[in-house]
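Here come two complexes built around subunit A, the first alongside subunit B, the second alongside subunit C.
What follows is the complex of A and B.
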């Protein structure tokens, strides 16, 4: 029974089983070299087999990547993505039966501009990476993050998938591939990178600098990176994007997402496949590998990595929510080794409600997940909005005064979508008007609204986001105008 | 008196950023009355090699959670962790698993 002075300490101590020589649990012959999953010692060769098998099984079990499909590997140079690259290389060169059957290429986003690295430093890091990429024999693209400022606004829209991805067709596709003749080997080589423009780097730094907190800055950076990756995949005909996030990283990501208000999108942010963009599916094949397994594998089998500093390198623990979550999880993992796998198993059970990958309307402008702010009157979100309004003491229904449009037909400069006479209410002459924060907020999901709130000014947002925001605003105004003429959806009358 | 012990240290996974970017260090630990164990090695590293932000490498008696230690290419948990006694020509690797990608 519980007593006042009962000592619970002994139960929490880790079992002290440090014997100097332990045999591998798999082959029972060799001396163990690494402890996996807090208690299973594996020898070197069994560990390599375990690692390789897990990677192939992950891809094979989910049957997501079809034979002959063009797949883009997003390699940052860090341990997880380098391990992924090494596994893909090995998998493609195996004997026919268990061979990986897709066509990979590599993309690397050079974020040095956002971090304030000098041009010389950036070039050095990129050329180190290019040596690794060239050795793999795949095509590779190294793209500076500054390119994100030139993206078209179609990148934040969902596009329909390009070919049939039904599960039954997977088996048929494999059979066809097995019978077919060997595919031509890829040329393997780099696409020459575009030249870096100083002013673009400055704009990028201004954009990131306008986010007041490190949390918002990190989220914004990862959103921009995602847009650039998806755009690269789309324009070059890749239907899958492989990301190298490990189990530990995804566990931290899960907690971070909940803290950031992205709970509704957890399934897409941490799941194996993420189809929010429609035609490009984000896949996370390293999902089941813990950071320790990856680090040991890289060290033992000489996988080359290039460590590039990120926004929160050497930052103190409380600098951002991401950092804090990471430190929380890794500390907990020390004493309770099943922490990461428990969080991971929880994330496996999450699914998007209501076929989230198909809805076209109501997508967030930044993260392209569904906008989840349509909560009812009695919700916590509504209460927060009301208290915010009271704090700001703005009279309701303030009229926005925009610049007077030029005389004549409105929208002559744009694609003529508006079609209203000049000067009409709600006219869209705003091609040159800076976006208002309030208008943008309506187009964003809850967590992206929080990012926007942390930004001191939205004047630095890239053109494609501003243009898309305008377009959506025009469409919703148009929809309101013609709503009474629209036919009702089936089943509602 | 323990004889001087020479060990080969390696830092990877981002941990080298705390050591001026130098990944490999070949060090000779001076002779001292007590034999060299991992505890003493960590103190020695903190005093002599660590250039900045000690709290990102060492926490209390041991390494910060998230830093993986391999002694002669084997997990240090299999070797006794902090209680392991260093031998001459040992190879100790510290890999940070937090700076992943």
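What follows is the complex of A and C.
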């Protein structure tokens, strides 16, 4: 009933058979150990084969990860990413034919500072994880989220991909790899982590605290985390980042994104591959596994997990949009068991409007997706702007906000316009200027504008975001000056 | 401490706008509300001067406010439209007969001509009779499909150029959510359009001038303007799937009031991948109405009702279209599948 073209199955109306002593549906010999969907009992080994096959098939079918490519696994310690890690470990130790051929490493972002965990608690969780990472034999990095405050502003820019990713070259690369078998075995060690600085933790907490609603805070946290992951991948030469989001999590994410106004970016937020950053591609290989399958797998085959709290742990249902969507989908799933898979299938049919992975200009400052705020003639955005205008006494643009630049600077104009392009130590020292909310709004996509709206002050934004905002503003001023002489639109800056 | 209106700054604020949170006095709120509907109409070029427009009136708050606002704006801005009311009688006792009285009162208040079409005269079935046959789970499908056709037939009888319905922002947002939950990609693409396509015979284009108006604001408007409307829910609605989307939307609105417009924005900016199968518009071979299959949905549903097979029309039935068209009897297995109904 909940699906549009649903076929009514008569067998659902028959009385339920005893599921205790049924045979496995695949091998038909062993006793079934787990019931995945309504009619599919599997025995242990068939279930393991099914799970492994699904994982390999996802990677192999899409031919996205090239042999010999350096791949970074983003492990949070939760069940999905731990299952992903275990699958990758297994996949690399198999016989040569079906072996996974990439070079993985692990990264873990320690978000304890954002959640207010004590230093002792954070170190305990990280050391538990490091035991698991060491056992895998891959290189691993544990990075505290505070590092995000020190990132360069290039992280929010799109960089061209580093090598040819055309589908034909995949086959050629596989052949080359099969022939040249000798590759240096990985040392498998941790990179010494940087010392935690108290003041950085405080700055991070201030930044997150300036977001008034939990919804905005959660979105901001995930944006910062994404920036840090991409930066780690970029600086250490990894071209792929594997995220461990399961089908259930992605269905909730889809509903959340629709509610937040991210309809234009749904394909990138929930799709298999996300190429918004250009050189680092985000891949979600656990996309087709439901949370139940992952939990059963972890339990049956002893996959170690470490549970780390997040921002909305133990929060009431209506605390944030993310939390509400999650409880809504779980509740609906009880009455209509195909809810999650239906939502997931919807996400497969979507794409990014206008071919997302192209132009450099017109990218959101925070989420690096294309900006969707071109208010069409009759659109929701237009309606919203009209409503705001009609309710205010005077147009908001006339009010002057923002400090004047300090004496001794070269920018004598009050809005800091400076025609000279940004150099390293340019004439406009951007870190003396607090950014204006209105200026930042122009550089953001619709949903990131909502996040900014919920923030009480933008003074705590990390340096790299402010610097990048300044750079883009200067560049657009330059472009306005010479717009009548430009012959065609440039693709990249 | 009295708050003053944020728009005129003089009078005391009488209400807080659900959409933006600003405090406004009554007059400024009326002005803002009407102006927004006017901007929607103008920006989307919904009407042309000299057209005759039928307002789909059910007696509920949306259509009452729509009728009032359309009349006001038609005079204030000289749209040059000829307005009239259409109402549909589904035959639900205790609900529809009461609301129809409200529509008749509206007709006298606004001095607009009124036409009532009923399911009984168009199809030979009232909703009460349908529910007796179909049960409480899938009856909304019947009502919705039949009403759409009824509106079109009524509009053709009146010979109008356009129909406008009172769908508000909450309705559109609920529809987007519902289509995501049901995986209906074709409808997902179309549901945020403010007006339907206008080609084809027997099809009157319809539009939603109140598309960006919040439901709460419509109620506020009707309350302060002392408009008269009928405010009960359809007695069969608690079991509808849409109810889930509605509770979710209400909760979202309490967390973040702009969510409703955000969802509409998401729906407008969705883009579907190429190669996804989409239905193609054609005509029904039996009644000539527009349809994407050989038989339009209402013909299939009617056939099911008349033959005593209530599930014909719910679920996949394309293979049976040929059989229905050629009047062949269905096999016993098929009949069994289509007959069983849970209450």
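Keep this in mind: the second predicted complex is superposed on the first by the 425 of 493 C-alpha atoms of A that agree within 3 Å, B and C clash if a C-alpha of one lies under 4 Å from a C-alpha of the other, contacts with A are read in each partner's own complex, and residues count from 1 in each chain.
We adopt the following convention: contacts are C-beta pairs under 8 Å (C-beta built on N, C-alpha and C of every residue); 3 or more make two chains touch, one makes a residue touch a chain.
Everything numeric in this text was worked out from a predicted model, so none of it was measured.
Undergrad: After superposition on the shared chain, which partner residues are touched by A:449: those of subunit B (first), subunit C (second), both, or neither?
TA: In the superposed model, A:449 contacts neither subunit B nor subunit C.
Undergrad: Which partner does A:330 contact after superposing on A: first (subunit B), second (subunit C), both, neither?
TA: The first partner, subunit B, only.
Undergrad: Does the superposition put A:136 against subunit B (first), subunit C (second), both, or neither?
TA: Neither subunit B nor subunit C is touched by A:136.
Undergrad: Between subunit B (first) and subunit C (second), which does A:147 come into contact with in this model arrangement: first, second, both, or neither?
TA: In the superposition, A:147 touches no partner, neither subunit B nor subunit C.
Undergrad: Could you tell me if A:200 is touching subunit B, subunit C, both of them or neither one (first, second, both, neither)?
TA: In the superposition, A:200 contacts neither subunit B nor subunit C.
Undergrad: Applying the document's definition of touching, compare subunit B and subunit C: which contacts more of subunit A?
TA: Higher number of touched subunit A residues: C.
Undergrad: Looking at A:232, would you say it contacts subunit B, subunit C, both, or neither? Reply first, second, both or neither.
TA: neither
Undergrad: Have a look at where A:441 lands relative to subunit B and subunit C in the superposition and call it first, second, both or neither.
TA: neither
Undergrad: What is the contact status of A:86 with respect to subunit B (first) and subunit C (second): first, second, both, or neither?
TA: Neither partner.
Undergrad: Pick out the shared contact residues on subunit A: the ones touching subunit B in one complex and subunit C in the other.
TA: none
Undergrad: Which residues, counting only subunit B, touch subunit A once they are in their complex?
TA: Against subunit A, the touching part of subunit B is residues 12-14, 16-18, 52-53, 56, 65-66, 68, 70, 73-75, 77-81, 83, 93, 95, 97-101.
Undergrad: Of all residues in subunit A, which touch subunit B in the complex?
TA: My answer: residues 18, 20, 22, 31-35, 41, 44, 76-82, 244, 246, 248-249, 291-292, 294-296, 299-300, 305, 307-310, 313-314, 326-327, 330-331, 333-334.
Undergrad: Could you list, by residue number, the parts of subunit C that touch subunit A in their complex?
TA: Listed in rising order, the residues of subunit C that touch subunit A are 6-9, 17, 19-20, 22, 24, 28, 31-32, 35-36, 39-40, 43-44, 137-138, 176-177, 180-185, 187-188, 194, 211-212, 241, 244, 248, 251-252, 254-256, 258-259, 261-274, 276, 311, 314-316, 337, 340.
Undergrad: Once bound in the complex, which stretches of subunit A touch subunit C?
TA: 1-8, 10, 13, 213, 215, 254-255, 257-264, 266-267, 317-318, 320-321, 324-325, 328, 332, 339, 342-343, 345-346, 349-354, 372, 376-384, 386-388, 390-393, 446-447, 450
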